[in-house]
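Chains: A, B, C and D, in written order; residue numbering restarts at 1 for each.
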Amino acid sequence: MSEARVPSQPATPPDPQPARRRHKWTMVVDLDRCTGCQACVVACQAENNIPLNTEAIYLQYRVIEWIRIERYWEKHGEEVRARYIPLLCQQCDNAPCEPVCPVYATYHNVEGLNVQVYNRCVGTRYCANNCPYHARFFNFWQPVWPSTLENQLNPDVTVRWRGIMEKCTFCIQRIRRAQREAAQEGRSLQDGDVVPACVQACPTDALSFGDILDPNSRVSRLAKDKRAYTVLKELGTGPNVIYLAKVDPYAPAPKKHDHH
Amino acid sequence: MAERGVLGLFTSAEAAASAGAALREAGVEFEVLTGSPYPEGAFGEHTPPHRLYVFPLVGALCGFSVAILLTAGTQLAYPLVTGGKPVLSIPPMAIITYEGTMLGAILFTVLGVLFESRLPRPLLGLYDKRITLEGWVGILVRGEEGLLGPVERILREHGAVEIKRG
Amino acid sequence: MQERRDLSDRQINRDLLWPVLYTPLWFWVAVLALGLVVSAGAGAAAWWMNKGPGVAGLNRPIMWGHLIVTFVFWVGISHAGVMLSAILRLTQAEWRRPMVRAAEVLTVFSLATAALFPLLHSGRPWRTLYWVFPYDFSRGIWPNVRSPLVWDPSAIFTYLTGSALFVFVTLLPDLAALRDRTTGIPHRIYSLLALGWRGTPRQWRLQALAGILLSALILPVFVSVHSIVSWDFGMAVSVEGWHATVFAPYFVIGAVHSGVAAVVTLMALMRWLFRWEDYIRSEHFDAIGRLLIVVATAWFFFFALEFLFGLYLREPQEVALRQAQVFEWPYNLLMILFLLTAYFIPVPLWLFRKVRRNVALMFWTSVLVNVGMWLERFLIIVPGLARKQIFTFEWSVYRPSPIEILMVTASFALVALGILVFAKVFPLVPVNEAKEGQVLKAEIRVGRRTVPAIVREQ
Amino acid sequence: MHPLPRSTTTTRDHPVEEYPTSPREVAEDIVGRAEAPWPRWRWLVLALGALFLLGVVGLALRVGQGGDHTRWGYYAALLGFLYTVAGGAPIVSVATRMAKAHWRRPLARIAEVYAVVGVLTLLLFIPLMGVIPPAEGRNTIWIVGGVRQGWPPGAPVAYDLLTLVMVALGGLALLWIAAIPDLAALRDRGRGGLTALLSLGWRGTLRQWQVHRAALGVAGGLYFIAYVGGCIPFASDLVLSFVPGWKDSIFPAYYALSGLQAGLAAVVVTAFFLRTVGGYRRYIHVDQFWGAAKLLLALSLLWAYFHWSAFLTFWYGRTPTGQNLQVLLYFGPYRPLFIASLFLNWLIPLFAFLIGPVRRSVLGPTLVSFSILVGALLDRIRLHVATWSVPDPRGHTFEAVPPPVPLGVADGLLLVGGIGGALLLYVLALRFFLPMSAWEMKELTYLRVVRPFLKTRAVVLGKPE
C-alpha cells in the first residue's frame, strides 16, 4: 500500500484560512558571512525594548537576547577556531511551544509567524521548556531602564511586565508598518520592504529576510542554495529560519553535535 | 406521622435475629438498626432492591456529553493553529472527556448512595444512642396501634432488654 | 491475623473517638508549630508574588524547579491513599480496615497542597484562574485544551472532588456514632453532618456498595491523574530526557510507591500518637510491607526501562543527559542517594518478616522511600532541563533559593496540619469498619489447631 | 467443625456449587483418573499431532523460500505469541498465590502447565538465529557499535536465546515444584518411571511442606522476574530495533502486559474446557471465572492505557520518525489488524465485564477470553510483521513506510502448526502433571467452609499465618 507512505519531511500545519495566507516570512542566515560581531544582538535590544542585560543578570543565567550569537570553540589539530551561529526564534511551522500553552498566549498566525500575546500569558514557562532552540525568554524581574534610556524606548513595541514570556517577533511592528505604507501607496509589498532590526544592522549582510511564498524574493533564491539546512531537523519543527552552512575545509556535515 | 412505631433493643445479635425471624413468621414488616454492618439477611429481614447502578451510568453520560461539547466547542470557537496540530484535535479531547465522564459518574454515584439510603433524613424518629455506643441491635416496627401490642410481646419474648414506643 | 483481641463496641468507641472528644496538650503544640511553618511558607509565596519570579533560583533553560518537583511529589503521595483503600476494598483484604480512611484523608490533603504549587509557581499567579476554568467570556477565549497544563486541572479537580466525597460517604456511620456520643453544639453539628443515619441494613448495604463502586470509579481517575502529570513532561518533545513513552506508567507506579510508603509513615504516627496498638497492629505493617516490596520492584522495573531506553538511540544529547545524571556534581550524589533511599536500602530490609513487623523500622524505611522519591522527581526534571538540547552554549545549573526551600518545607507542614486537624474533628480510623471486623471474626478448627478466619457473604 | 451440607446451597438467587469437602474425595477424584484426564483424550492428542506436522511442513517451506528477515515476520509473530501467552499464563498462578486468593486453587495447575510450551518457543527461536540481522548499526539495547565497538559479543541472538532458555527452565522449575506432592500421590498409586523420580521421595512431613511453601514462593518470584525481564530483550530485539529511530520505552512493558492478559485468557478457556469436557465440574466453579474476569477487566484497561501512553507521546511529539511510525503501526497497511485487536483486547472485554452478570458467569468470561486470545495473535502479527517488513533497520530516522507483507501459505501453516504443537505439548503434560493441583484442593477443603451465620449462610475463609 504505497499510498500509505508519508513524506519524511514534517507536514506543514493545515492553514486556518488558506485564502488569507499571503506571506510566509522567512529569514536566511549565511553562516559563511557571519563574523559573530553581535551587531544584530544590539540592534534587536534597541528595537524591541528588551531590558538591559546587566552583569548580575548574566550571572543569573537570565539574559534576554531575542537573537544571540552562540560561540563554539573547535579544535582542529593544533589550532582552535571559533564558530558562530546566530540563533533566534525559528518561527516553526510545527512549533512545539505553541500547543503546550494553556491560555493560547502563543499561536501561529496566517503569515507563518509564531506570535506571543503578552496579555494572555500567565507565565507557566512551559513554552520555554518545550522550545528546542532556547529562543523563549522569561521576564524574571520587572524591567527597568535608567532614566537616560527611558526616552529611547520604541513606541511601537510593548514594554513587557515581569512574569511573562517574550521572544523574537521577526520585528512584526516593522512588517505591519511596511504593509501599512504599501497600502497607503496603493502598491503590493515588494521584496526588501520589510527589514527587521537585526537584518538592518548586519554589517556583513549575513542575514536576509523576506517572503518565501514570493518565488523571486531573495530568501527564496537563497533557500535553494545547496548549503541550506535547518537546525534540529529531526525534530520536525519545520523552522522558518534557514541556515547556509559555513564553507570551511574543517566544517563537518551540518549536524549540530560537532560543537564543544 | 399518623402511624406509631415500636422499637425493641437487644444486647445480642442472636436474640435480635430470632426476634426478627419470629416477626417474619408473624408476617410483620420490620426494620433493623445496627451500629455496624452485618451480612445481608442476618436478621431474616428482607432488603428491598436498589437502583444504585443506574446512577453512575447516567452521570457518566452527562459528564461525557458536557466534556465533549466543552472541548470541541472551545477548539472550534477559536480556530487558532498551535504547533501545526489540527484545529479539532481528538486526543486532547479524549483526555478531558475521560475526566469529565468519570467526574459525572462519581458525583451521581454519591447522590445515588444518599438517595438510595434515603438520606438526608431530617428527623431520626424512633432511635436509641446505645445502638452505636453499645453495639445494641434495634428492631423497629411501624404500624397501627392495634398491631404494636403483639409485636411488643414478640420482642419481649425474644429478650428485648428495652422497648421504646413512639 | 493472630493478635486480634475481642473488643466490645463500647471499647472501640472509647479507643477510636478519644482524639475527637478530648484534646491532649501536644495537639496544641503541634498545631502551633506547624502553623508557624505554614505561615512562613505563605510569607515566602507572598514575597515571590511581590518581587517577581526572580526570587527563585530558576534561570534559562531551567524554568521549572523545586516547586514543580514538589507538585509532582505531592500528587504522587496523593495516590497512596485512594489507590491503597480502593485496591484493598475491591480485593476485600481484611487488613485494610484500620488504614483506609487515613489513606483517603492523606490523599485529599496532599492533593490540595499539590494543586497550590503550579499556580504559585507561575509568573502571574493572580491571573491563573482563566488558565484553570473555562469561564472568561469577557476575555473572549477559553483554555487551550491541547495543553497538558489544561489536562492537569481537569484531572486534579476530578480526583480531588471524588476522593473528598469518598471520604464523606464512608464517614457517615462514624458521624452518626459521634452524633450519639456528643452533646451540645458538637452534637448539633454532627447531627447535621450525619444526615440522619440510622444504620438500617439497607443503609449498610449501600455503604458497602458505595465503598466498592466509588473505589472502582476513582481507581481509573487516579491512574489518569499521575499519567497526565507525567505528560506535562512526556509531551515535551524538545526536552531529551522527558519525551519518553514510559512516563505515564512509570510515574503512576512511582506515585504508588511513595504513596504507600507515606501511608506507612502515617500509620506509625497514628499508632504512636493516638495509642491505637489494638487497631494498627504489626500484622498490618507486615501486609503493607509485602505490598511495598512488590510495588517498589515494579517501579524499579519501569525506572530501568526509562533509563535503558533513554540511552537507546545513543545520540550525543542523550548520552550527555545520562552522564550529567550519573557522573556530574551534584546530580551524581543525588542519584546515589536516590537509588539507595528509594530502593536499595528499604526493599532488602522489608524482605525480613522481623523488619516488616517492627513499627519503628517500617516508619524510618518509609520516610527514606519518600526522600528517594522526591529526589527521583528532581533528577527527572532538573537535569532534563539543564541538558535540554544539544546547544551546550545554553546549558546551565540550578540552585534553589531560600524562598523555594521555604515553600517546599511549608508544604509538608501544611499536609501534616490538615491531617492533624481532621483527626481532631473526625475519627481517623473507621469505627464502623473496626466493629464490622469484630462481627465477621471467625475461627476454623483444623485438627487440633484453630485457624483464624473471616466471614464472607456468598 | 460445623456439619456441612452435601447439596448445593443457594443465596441471592445464584447457585453456589460446593467444592469437595474431604481430602479423600479430592484424592480419588483427581488422582484417580490421571491415566485418562478426560474421555477421548487420545483423539485430541492425535488431532493436535496432525496440526503440528502441518507446522513442520510450513517451516520447511519457509526455509526453502529463503530470503532476508522481511520474509520471516509471521514466524516471529508466532514466536512472540507463544512466548508471551504461554510465558504469561504461569504468572496467573504465581500472582494469585502471592495474593492468597482462595479462588485461584483450581486454576493454579492449569496455569503452571503452560510452562511446558517454553520448550517449543526455544526450538522455534533456533531457525531465527540465522535470520535476525546483526546488531551493528541498529539501535539496540546492546551497546554494540555505540560506546564500545562489538560488545557484548554475539548480541543480540545469543542473549535472546539465553532469555528464552531462562524463561523455559524457570517455568518448568515452577511447575515441577508446584506438582511434587501430586507426583508423589501418583507414585503412590503405582505410576513409576519419571513420575517416581521427580517426586523425590516426597513424604509430606511438616518440614517438607514448610520447605515446599518457601520454594514455591521463590520459584514464583524468580519466574515472574525472568518473564517480565525477558520481555525487554525479546521485545526490543524482535520488534523495536527493526525500525530505525523507534525509541519506545514502554514497549517491553506493553509486550509483557499483553502477554499476561492473553495468558490469563488462555487459562480461562482451558478451565472452561476442563469443566465441560474434562468433567472437573466440582472443582471449577463460577468463582474461578468471576475472579479471572475481574483480573481480565483490569488487564484490558491497562492494555489500552499502555497503548495510549505510547500513541499520545508520538502524536504530540510530531517528529517525522514518530509520524511514520504511527502510519506503520496504526493508520497504514496494518490498520485493520490494529482495529481488530483494539476491539478484541479492549472494547469487548471492557463492555462485557462492566456487566455484573457477565463477569459472574461461566460462559461470559470464556467467550471474552477467546476474543482476547484471537486479538493477541492479531496484535503480535501486526507488531512483528510490520516491523520486520522494514528492509534496512540501520540509521537513526525512519524515512518511509514499507509496503505490507501478505500472509503466505508457509506462514499460514506455521501459525496453525505452531499453535497446534503448543497445545499438543500442553495436553500431554496435563496427563503427566494432573490438571488440578490436588494438594491445594485438599487444603481448600478445610480452609473454606460454609456455615450458618445468624439467619443466613456465609462462607468462612481460613487465614493461616
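Annotations for the structure displayed:
As a convention for this text, a residue touches a chain if its C-beta (ideal position, glycine included) is under 8 Å from a C-beta of that chain, and two chains touch if they have at least 3 such contacts.
Just so it is clear, the structure is predicted and the values come from calculations on it, not from any experiment.
Any chain bridging chain A and chain C, meaning touching each of them, is among B, D; the list is complete.
We define each chain's centre as the mean of its Cα atoms; on that basis chain B and chain D are separated by 42 Å. The distance from the centre of chain A to the centre of chain B, with each centre set as the mean of the Cα atoms, comes to 63 Å. Centre-to-centre spacing of chain C and chain D amounts to 34 Å, using the average Cα coordinate of each chain. The distance from the centre of chain A to the centre of chain D, with each centre set as the mean of the Cα atoms, comes to 55 Å.
Among all residues of chain D, those that touch two or more other chains are 11-12, 312, 316, 318-319, 396, 453, 458. Residues of chain B found to touch two or more other chains are 13, 38-40, 43, 53, 78, 80, 82-85, 95.
Multi-chain contact residues, meaning those touching two or more other chains, occur in chain A at positions 10-11, 94, 96, 99-101, 104, 235. Taken as a graph of touching chains, this assembly is fully connected, with contact between every pair of chains. Those residues of chain D that touch chain B in the complex are listed here as 11-12, 311-312, 315-316, 318, 356, 453-456, 458.
Contact residues on chain B toward chain C in their complex (touch as defined above): 13, 31-40, 43, 45, 47-48, 50, 52-53, 56, 70-71, 74-75, 77-78, 80, 82-83, 85, 89, 92-93, 95-96, 98-100, 102-103, 105-107, 109-110, 113-114, 116-125, 127, 129, 131-135. Residues 1-2, 4-6, 8-11, 94, 99, 234-236 of chain A are the ones that touch chain D when the two sit in their complex.
For chain D in complex with chain C, the residues that touch the partner chain are 1, 9, 11-12, 16, 98-99, 101, 139-141, 143, 146-147, 228-229, 232, 245, 247-253, 294, 301, 305-306, 309-310, 312-314, 316-319, 396, 446-447, 449-451, 453, 457-464. Chain C contributes residues 8-10, 13, 134, 141-147, 150-151, 154-155, 157-158, 161-162, 165, 168-169, 172-173, 176-177, 180-181, 195-210, 213-214, 217-218, 220-221, 224, 228, 432, 435-436, 438-440, 455, 457 to its touches with chain B in the complex.
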